[in-house]
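The data blocks that follow each hold one structure.
In what follows, chain A forms one complex with chain B and a second complex with chain C.
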Partner chain A sequence: MVTPAVAHIGLWTALPVLATFALSLTDYNIFDAPRWIGIDNYIQIWNDPTFRLATWNTVVYTFWTVPVSMAIAMVIAVALNQNLWLRTWYRTAFFLPQVTATVAIAMVWLWIYNPQQGLLNAALSVIGIPGQAWLADPDWSLWAVILVGAWQGIGIKMLIYIAALQNVDNSLYEAASVDGASVVRKFFAITLPMLKPATFFVLVISIIGAFQVFDQIYVLTDGGPANATTMMTYEVYRSAFQNFQMGLASAQSVCLFAFLLVMTLISRRATRGDDE
Partner chain B sequence: MNFRTARQTSTSQTSTRPASTPHRSAGRRAALRYTGLGTAAVLALALSACSAEDGSAGADSDAVSGDITLLTPIYEGAAGQRLLEDELLPQFYEQYPDVTVTVDYTNFARLNEKLTTGVVSGLVPDVMMMGVGWVEAFADKGVLANLSESGISVADLEKSTTPEIVQAGVWEGDVYGVPIMLDARFGVARMDLLREAGYDAPPSTWAELVEMAEALTVRSENGALERAGFDVLSLDARQMYETMLFSSGGSLFNDDNTAPAFNSAEGVEALESVVDLIHTSKVEDTGYSSTKETVNPLINGRAAMGIAHNNLWTQTLEAAPELLPELEPFLIPGDAPGMFVGGTLATMSKGSEHPAAAQALLEFLASPGPALAANEQRGNIPALTELLDSEYAQGNRLVQFSMENLDVAKREGGPSEWLGLRGEIAPAIESALLAQKTPKQALDDLADVFAGKMGG
Partner chain C sequence: MSTTRMHPATPGTPPTATPKPRTKRRRPWKGRLLLNVILSLGAFTMVIPFLWMIATSLKSPAELAQFPPTLLPQVWQWSNYSEALQAAPFHLYFRNSFLISAGHTIITLVLGSMAGYALARIPFRGREWVFMGFVAMLMIPTYTKIVPQFLLVKFMPLFGGNDIFGQGGTGWLNTWWALIIPGGLSATAIFLFRQFYLSLPRELEEAARLDGLNEFRIYAQIYTPLIKPALATVALLTFQESWNNFLWPLLVTTRDDLRVIQVGLAVFQQLDSTSWHYLMAGTTLATVPMVVLFLFCQKYFIQGFTHAGIK
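Let's look at the complex of A and B:
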């Protein structure tokens, strides 16, 4: 019974993963056969300031996009779990960025961030705040990308939270109301704890998603200016498809995998408790 | 004499077959008349003669058959696709009815990905359009067919093609790519804006350029830049720097392409000059323009002068034709007159299963008619010298200027590692423009990266 599943996983998941590990120990430039070089690729990564910067940028991006979008998504989910007028319309509106191609979204944000004709600077000028070159200024570009990431990630998180909220027994809220609990008290004493399994799930998929951010960097900044917004996945792409260093790209992918594994374990430990 | 002293003095894939009589626009008719001259071209003669000798390709059209693929970063956009599929390929099919061409469209930014996946998967397109600096890597690794083995020599090409671009298709003395078009980067001034400021000609020295750029810069009361005196940010940072480098008399690599040379005194001063324009003269602010701008600032008046691509003429023709008389090209005044030149070359896969068909397509696309049409669509400079007298070339001031100055043009590339190196240049230049590093520090660090990758 399990043979097809095992074969599927073996062929499409395990084999590529093992191949990536193996290639990470080779010098493979796509033209010549891979040549065994041991851990040289990992030493190169360790000594590469651009990859270190990409790792740091990815951590910063994840640190800000994941909690911010989770918090906003949870608040929206709680609000949209009430009997609001046009509730379904609001849910659709918040979910829309999730199902829209990132390239299309990034094009819109390119316009929003345009220093001369962009919406953001125009809005700021109304209240007397000078505009910025959001994507061209290294002090702002990463934050601009983070904002897009946080905004785009809200939809799917909200959806998961709404699904989880609908499983919370309403009698808990009724009992709390009888005891005179305020809305805030009910949120922290009932809603938040009951959402813990969903929160763990959202946290893990959000971290994985944030660490794999690529397309918005590809369209918005190409990793610039001066590598200010380059990310681990973007460096993997550059190594593989621009520099023809498949072995190095594989080693960078292994580093990304290790990072994700560690982050997932930390998340697991941080949220372990009632769900076990 | 040092630099400063001198200055002070997308993607889609389509299978195509002739479905109907092609509709030709009036503008294309003149271009397509040249198709008849294709058989007279030196390249065509060389290719067909050799094909007949080895029997692999056909002077005999009936012997040429097969399904082949074409990977192209030119013929881009809907207009390019229409040109190729509605006008050019139907002519090719008339001559070679047993050949089917599947076209894979891309752009130069994504060409690497296409080629990489093609090589890794063993599905290298039969015919590939490549940029200057690309042929070396793929020829060195045995991906490209050696066209010299088909009898086409450098000397043959130089009889019919602008010599400056021929070498871009040559690797270790043999021909691997046949040039179709060139593209150049140089200074362009908006003469209407210059006249308003009291100038009647573009700058002839660097000191003049700085003075004029400062005078032409317009800022609002709160200091926001409204017009750049000299725009250096709309062009890719690598190409902008290379234009400055070549105008300073510098080079990317040493003579035998074994080590970087851009961190020479000339190279550092070239970058210092750009940095000074932004941070000292304040003729443009970082972020004011970028390669993602949909309209070049020289067209919409957001810049009075700048470094531009020769296809600015075509862009202006489409967006604001009344401005064409106001576009005045000039060489960036540096130690030595210089200009950056790139181009597009047609190459063939060494492993093509239908070499005769691939060769026939390469020959066709490089022949005068199709080449002229492709250049006109893209606003570039025809590589075939006979096309320089065409109506298109004669009517395009920037193409004319480029041709007049090809003797001082330099191209990028050189070492076989170039494709793995080129992506490192823009971040280094940006780090200097953003004052994160001094120009010398940025270029020295970049040279270290280059040396490491070149095995130095």
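Let's look at the complex of A and C:
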């Protein structure tokens, strides 16, 4: 009974992963047979300023979207963990961006960021701040992309925190109240430590997700202006499907994979370090 | 929030949220009011883009050209929707997305539950190894397999004019096969199913065996009906992920009649970057099914997202 699944995963996941590693050592343009070139692709990546920039952009994107939306998500989760009228409605609103397609969402943001008729510039003009060509300006475009990523990512993190909060023993809070602890004190002394395993889980899946940002880049900026928003994934896409350098693209995706692996290990150490 | 019990998908997942009375402390009413105001503002910020999308989809081009923009349409142009369908075959894209998502869901439910059941309930040789293999596959990011997946599709033997060695034609490119088969099953689904089957008691199986049921009937008639909520959860997650998928259909199709809605939107935007009212009408059409599905099946979605943690 497990055979069809093994066959499917074997053919469409396991084999491709191994093939990626093998192809990363070749020069291959689809039309001619792959040619073995050893680690030349990796040397090329190391010396490629665009891929370096893409790596940096990916790190910056992850660095801002993940902690910012995690912090917001945690605060919202704590707030929603009380008996509030409209509680479900709030939760739905915060979660809505998560269930809708990134492409559709990015379309809406593309329109919001529109320099002439966009909502953002209109809102800023009301309070007297001059508008920007958010996506066309190299100084702003990465921040515009980060805002979309952070906005969309809040929902899932909030949900995991809400689930985790329901398992926190209420008697801890009651005991703290008896001792006269303030709300803030209780948050740092009880809530935060109790949420540690959830935080680790959220951190890992968020980093993995953020490193794979692609759809909104494709829609919002095409990696531009002047590569200001290109990402590792976008470089893999460009190498493989615009320049047909399959070997180079494979090597780039191996780098992405290595990065993810390292980040996962680091975050495991950072959040688990002392208690296990 | 939850009525069914599920097991954490990953080490470190928060344990199951069993219904439990929430904090009973009553805050002073001023504090509660402040909390509500802040939450409402936050929630409103989250939905502004959606409201703006719908508002834009109902405005006339003349109204869109105004600055500052009007908040609500002066005249509600419902005809934008029918005109958008003329401008690009969004209904066709919509149908394609639906067929593909349904296909993925069915394949995942059938193959995934069979594999999950076998891994959870049937002791066979090498089971641990197979399971370890699936776990290893959980961690694989899309981009680590996308190039060879594309090549597999392109060089699929005996399809699309290819010879037995996969040369000479286009293989599965621009076919339904490419859209439905490769993305039909994920290691995550198998993993989730295994957890669900593991949570059921052993006694059922023993009783069924005494009654002389074979393994497949035990799976199909005894155990699977017991995990219906889990089936719903996995089905919704699969459908949603597949409906929202963009990169894969973008890579393997170029024909307009095979385009899915997400790719259709991107192509429409590239071809006509000024018809925002049509684009937002199309975007609304692409968004509405998932929002409706979510609103009606929130419970399953929330369980699924909490435990799988995937997007």
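Keep in mind that, in the parts below, the second predicted complex is superposed on the first by the 259 of 276 C-alpha atoms of A that agree within 3 Å, B and C clash if a C-alpha of one lies under 4 Å from a C-alpha of the other, contacts with A are read in each partner's own complex, and residues count from 1 in each chain.
FYI, a residue touches a chain if its C-beta (ideal position, glycine included) is under 8 Å from a C-beta of that chain, and two chains touch if they have at least 3 such contacts.
The shown structure was predicted, so the numbers you read here are calculated from the model rather than taken from an experiment.
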Clash or fit: how do chain B and chain C relate after the overlay on chain A?
-> clash
When the two structures are overlaid on chain A, which partner does A:Ile105 contact: first (chain B), second (chain C), both, or neither?
-> second
Figure out whether A:Met74 sits in contact with chain B (first) or chain C (second), or with both, or with neither.
-> neither
Of the two partner chains, chain B (first) and chain C (second), which one does A:Phe31 touch, if any: first, second, both, or neither?
-> first
When the two structures are overlaid on chain A, which partner does A:Phe201 contact: first (chain B), second (chain C), both, or neither?
-> second
Touched chain A residues, chain B compared with chain C | C
Is A:Ala240 contacted by the first partner chain B, the second partner chain C, both or neither?
-> both
Considering only the touch criterion stated at the top, classify A:Asp137 as touching first (chain B), second (chain C), both, or neither.
-> first
Pick one for A:Gln116: touches chain B only (first), chain C only (second), both, or neither.
-> both
Starting from the residues of chain A touching chain B, keep only those that also touch chain C in the other complex, and list them.
-> 30, 110, 116, 240-241, 246
Residue set of chain A touching chain B in the complex reads 29-32, 50, 110, 115-116, 130-138, 223-227, 238, 240-246
Chain A partner, complex, touching residues on chain C are 1, 10, 12-15, 17-18, 20, 22-25, 27, 32, 35-36, 38-40, 42-44, 46-50, 52-53, 56, 64-69, 111-112, 114-115, 117-119, 122, 124, 130, 133-134, 137, 139-152, 154, 181-182, 184-185, 187, 190, 215-216, 219, 240, 243-244, 246-247, 251, 261-263, 265-266, 269, 276, 279-280, 283, 286-287, 290-291, 293-295, 298, 301-302, 305-306, 309-311
Sort out for me which residues of chain A touch chain C in the complex.
-> 1-2, 4-6, 8-9, 11-17, 19-20, 23, 30, 72, 76, 79-86, 88-90, 92-105, 107-112, 114, 116-117, 119, 122, 125-126, 151, 154, 156, 159-160, 162-164, 166-167, 170, 173, 177, 197-198, 200-202, 204-205, 208-209, 211-212, 214-215, 218-219, 232-233, 236-237, 240-241, 246, 249-250, 253-254, 256-257, 260, 264
Which positions of chain B touch chain A when the two form their complex?
-> 112-113, 116-117, 119-120, 137, 141-143, 222, 224, 285-288, 290, 292, 302, 419-420, 423, 426-428, 430-431, 434, 436
